[in-house]
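In order of appearance the chains are A, B, C and D, and numbering begins at 1 in each one.
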Amino acid sequence: MSRAPFARRLLSVIGVDELGAYRVLRVADEGPDAEPGQFAMLAAAEDWGGGEEQRPFLARAFSFARQVRGEAHFLLEDVGPGSRRLCELGAGDGLWVLGPLGQGFRAPAAGRRAILLGGGVGIAPLAILQDRLTAAATTVLLGFRDSARAEGAALLDGARVASDDGSVGHHGRVTDLLEQELARDRDAIVYACGPVAMLESVRAICAARDVPAQLALEAGMACGFGACFGCVVARRGGGYLRVCVDGPVLDAHELERVEEPAGAPV
Amino acid sequence: MSRAPFARRLLSVIGVDELGAYRVLRVADEGPDAEPGQFAMLAAAEDWGGGEEQRPFLARAFSFARQVRGEAHFLLEDVGPGSRRLCELGAGDGLWVLGPLGQGFRAPAAGRRAILLGGGVGIAPLAILQDRLTAAATTVLLGFRDSARAEGAALLDGARVASDDGSVGHHGRVTDLLEQELARDRDAIVYACGPVAMLESVRAICAARDVPAQLALEAGMACGFGACFGCVVARRGGGYLRVCVDGPVLDAHELERVEEPAGAPV
Amino acid sequence: MSVSFCGLELAHAIVNGSGTFDAIAAHAAFGEELVREFPFAAYVSKTITLEPRAGNPPPRLWEASAGLVNSIGLPNKGLDGYLREDLPRLAEICSRAGTGAGVPLVTNVMGASATELTRLVAACEARSEIAAIELNVSCPNVETGLDIGADPRQLEAVVRAVRPHTGKPLIVKLTPNTADVARCAQAAEDAGADSVSLINTLRALALAPHATAGASERAGGRGPGRAWLGGVTGGLSGPAVRVVALAQVSAVAARVQIPVVGMGGVRSGADARELLDVGARLVAVGTESFLDPAAGARIARELDAIAGP
Amino acid sequence: MSVSFCGLELAHAIVNGSGTFDAIAAHAAFGEELVREFPFAAYVSKTITLEPRAGNPPPRLWEASAGLVNSIGLPNKGLDGYLREDLPRLAEICSRAGTGAGVPLVTNVMGASATELTRLVAACEARSEIAAIELNVSCPNVETGLDIGADPRQLEAVVRAVRPHTGKPLIVKLTPNTADVARCAQAAEDAGADSVSLINTLRALALAPHATAGASERAGGRGPGRAWLGGVTGGLSGPAVRVVALAQVSAVAARVQIPVVGMGGVRSGADARELLDVGARLVAVGTESFLDPAAGARIARELDAIAGP
């Protein structure tokens, strides 16, 4: 595991590029190498807090999508006040970065094919994973809601794409492609990141076929380094795991199922 | 009194120009004509709240400094998170504007000389006053802390300037100039806006010489239209006046003295 | 989306928080547009006391993170001045407000004792312009000895004492600065209140900033370590308190049968909807009106566009 | 700027709020840099209970305006697990923290009754690694029947019961969700507490947003009108509560003689200075550490640069 410097660092934005429905935030970063699957907590140095409901307040978790020549890249989807503010950043703007944090993907056993399966903005950690998996045979399966999002597939090489609306590639779920791939050749390990429903489907498919799977999870986070105990998911067999320090990448069998937390009746 | 439309309006910023230590914020405004001394409550439409202490939250009061050809001008000094955010605005940005609000300056009695006396960013309402006082003889006396601020004098025509550091014009207080002017000719009315100490000095000088004076006051404001009762100053003879609706321009004799509110021991 | 509240039919669910909208001053500032586009379905006066009050010395305002601390000190003309000068003017505005049907006028009163409150309530009872009475037992800014509203027993006694003196709807505005606000609400209901409203502001303190110490000391003794507000402590309102308000309104609505007026930090129809979701009948808007006098109308429109639970 | 606190000599006035800094996890994440640049002058553990607790179901966090609502539910290994597994590791980190002199370790405990608390306190008393004990009588997230800390009489009884079982400094962490926090502090002092700390979080509620209703319902029943947090209510912390904390700390410090640990929304040396100005001896940093694990050290430096009152 790569260790984060103890203190958030004020880094400088190099640029924010469009990538279909997403943005790629590029930051000058001479910090430690991130491992694929690790993430950083990000917050704009200026004007962090003037959005809807006077948010954002906390920093936001983003996977390292790439790390090259002193640049760290993050893939952003605008889904709320925090990600929106980050999308607005421009060259020279300051960015607070804490990281790299968390447990990344574990390398495949020698000779085993790596299937990289991503949904939506969840493709981010798979890009850096592909960069580093130079030795292994890889298959890349990516699913998107629509064609604007499917442009994100450019982040990885040689992806087979599925789209919910059929505008690009397979009309349907990316997990359909996974089933095809595993039917063809089960000697594989699946690295997956994406929406909860997709991850649960990956988990179930792999469990049924006894294929190892590593799932990069998301959870609402306040700190990213184990301080708040806020980012938990239920562990198979009872108790909870902190996604930020026990994950974000978890072996699929550590979880009973992947599910959206449900809240409670008032 | 010009009446404000009932609801804040989303206007578009035309530009923000430097003027020495100040900024001139120009806004496309087809709303009602402001009277000199009236003000508006301003808030940036985006990113209002991400500054120090997660502020600003409330709108901020600014005097109309000028109104020409569908443009309203405000003179800004960066003194905290609200004014800072306004200084950062650029062409096309949205600005919430509520106003014109409050009681402006009353015109001088016919034939009487108008002395416009401003200190620092308090020169703002005197600019629009000068624009409108086309009939009266006017004398303009402006005081600044230093030369960067003294560049603000360009907002008015024919100003005599004083500076605290002697870098521009008279080395000393602008009220020294007032005393000279009144010694020369007391048949005048003084229109003053600026720091508390300056206003108090104007009040005392004019009271001693029985010269009428209208003082444009400042006070911390939450609403600007009489709703919160927060912006009060002590009225001569007891009770309080709301600066936003009873002022901001008050006849000097309505006040016992002009003073900074003192807070209280905890 | 008309709403019935204690026998009153309101055009929508949004009213103002007491002390946050001076309809007389707003009429002067905005003219007839205020009346035509009156933002509230009922109008609540600021707090009236028996004797006139000048209010607290300034400063009276402090901007907190996503909130406002005020220490206004309930300035008002006293009962007689209110009934003679303000009430007729407010009633005139309210009678013409909105689409012409007018809006009910609620008068908010505060007294240091049951005797004082009884006199205030009895005087309101006698005035037909007043549709309902709100008892402020919760304002943290003013020293009324003990805070009646924080102690369920005292609260119950006071409400019981005033209840017989009016047949109009009696709303008790609870204090949030208490251990168990639901118990206080229950006490008000037991004593005959027709409704409870909450939250009032949270007790808060702001100090003069150290950064401006030099400047301020020159300007009159306002130095670091001193309270910023002339009234020393104040009350926090605005977005900062919204989640606290939601918890208290939820607890109260779960406890009492009488309708609840929920408030605290509401800025949008979505915020209002959440208070209704946890059981409020009406929603009051306070601080947000300072940012936009027409906020109440906007919030009512936004609320209309959101489906109920 | 060393500070003495209940007989302990601290290098500066900044400590952590209980439950907001897991030194073991931070050590794993940041390595020895954490130890060398340890941000706090004393380290306070999260709350330990007699039995192990898994904590509340997720979601456990809600971002409020300028604040955070949490409903963590005090997950911990229970007294035995803590003493066996966590305490030695925490003590090892604390012993080497900072410039090498180490920092004192405070253990925070909570129990539903005097009996439970007595067992917890007695067990802490027996461990030399523990320099002081903090009693959490205020956590609003967990149902311990009544909230002991909100009632001065109950509070006094509990503190009186545990006091004889330890000679170590005993800090009582007060609940802010009460009518008169100064009276509660007084009760703790009367019962023999060596210090009081405040504020804990304000009781708060967040609902699942209406906007995401469709998506969320598909995803498992999280719909509008439902509580967002798995634990239903939570506690508000962060800048939103700072002025409330300042009022409560001021009221408490004016009432008691024992030293006060002030906290709530501190983000800067200036914020810390204000708590000291109103009478706190130490200042704890909670939520701000989430934004930056080294915040405590920065705040201590900033504080150093500000002159006292």
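One rule holds in what follows: contacts are C-beta pairs under 8 Å (C-beta built on N, C-alpha and C of every residue); 3 or more make two chains touch, one makes a residue touch a chain.
All figures in this text were calculated on a predicted structure; none of them were measured in a lab.
A.B. asks: If we look at chain B and chain C, which chains touch each of them?
C.D. replies: Where chain B and chain C share a partner, that partner set is A, D.
A.B. asks: Taking each chain's centre as the mean of its C-alpha atoms, which one ends up farthest from the centre of chain D?
C.D. replies: Relative to chain D, the chain whose C-alpha centre sits farthest away is B.
A.B. asks: Whole-Å distance, chain A centre to chain C centre, using C-alpha means?
C.D. replies: Each chain reduced to its C-alpha mean, chain A and chain C end up 47 Å apart.
A.B. asks: Just curious, how far off is chain B from chain A if you go by their C-alpha centres, in Å?
C.D. replies: 52
A.B. asks: Return the distance between the CA-based centres of chain C and chain D, expressed in whole Å.
C.D. replies: 33
A.B. asks: Residues of chain B that touch two or more other chains: which are they?
C.D. replies: 49, 53-54, 57, 266
A.B. asks: When you check chain D against every other chain, which residues touch at least two of them?
C.D. replies: 62, 64-67, 205, 207, 225, 238-239, 250, 277-278
A.B. asks: Could you tell me which shape the graph of touching chains takes: line, ring, star, complete or other?
C.D. replies: complete
A.B. asks: What residues of chain C sit close enough to touch chain A in their complex?
C.D. replies: Interface residues on the chain C side: 65-66, 239, 250, 267, 277-278.
A.B. asks: Given the complex with chain C, which residues does chain B contribute to the contact?
C.D. replies: 3-8, 43, 49, 53-59, 96, 98, 101, 196-197, 219-223, 225-234, 238-240, 242, 245, 259-266
A.B. asks: Along chain A, where are the residues that touch chain B in the complex?
C.D. replies: For this pair, the touching residues of chain A are 44, 46-51, 54, 57, 85.
A.B. asks: Can you check the complex and tell me which residues of chain B touch chain D?
C.D. replies: Interface residues on the chain B side: 53-54, 266.
A.B. asks: Which positions of chain C touch chain B when the two form their complex?
C.D. replies: By the definition above, chain C touches chain B via 19-22, 24-26, 28-31, 33-34, 37, 46, 54-55, 57-68, 70, 72, 75, 205, 207-208, 216, 218-222, 225-232, 238-239, 287, 289-294, 297.
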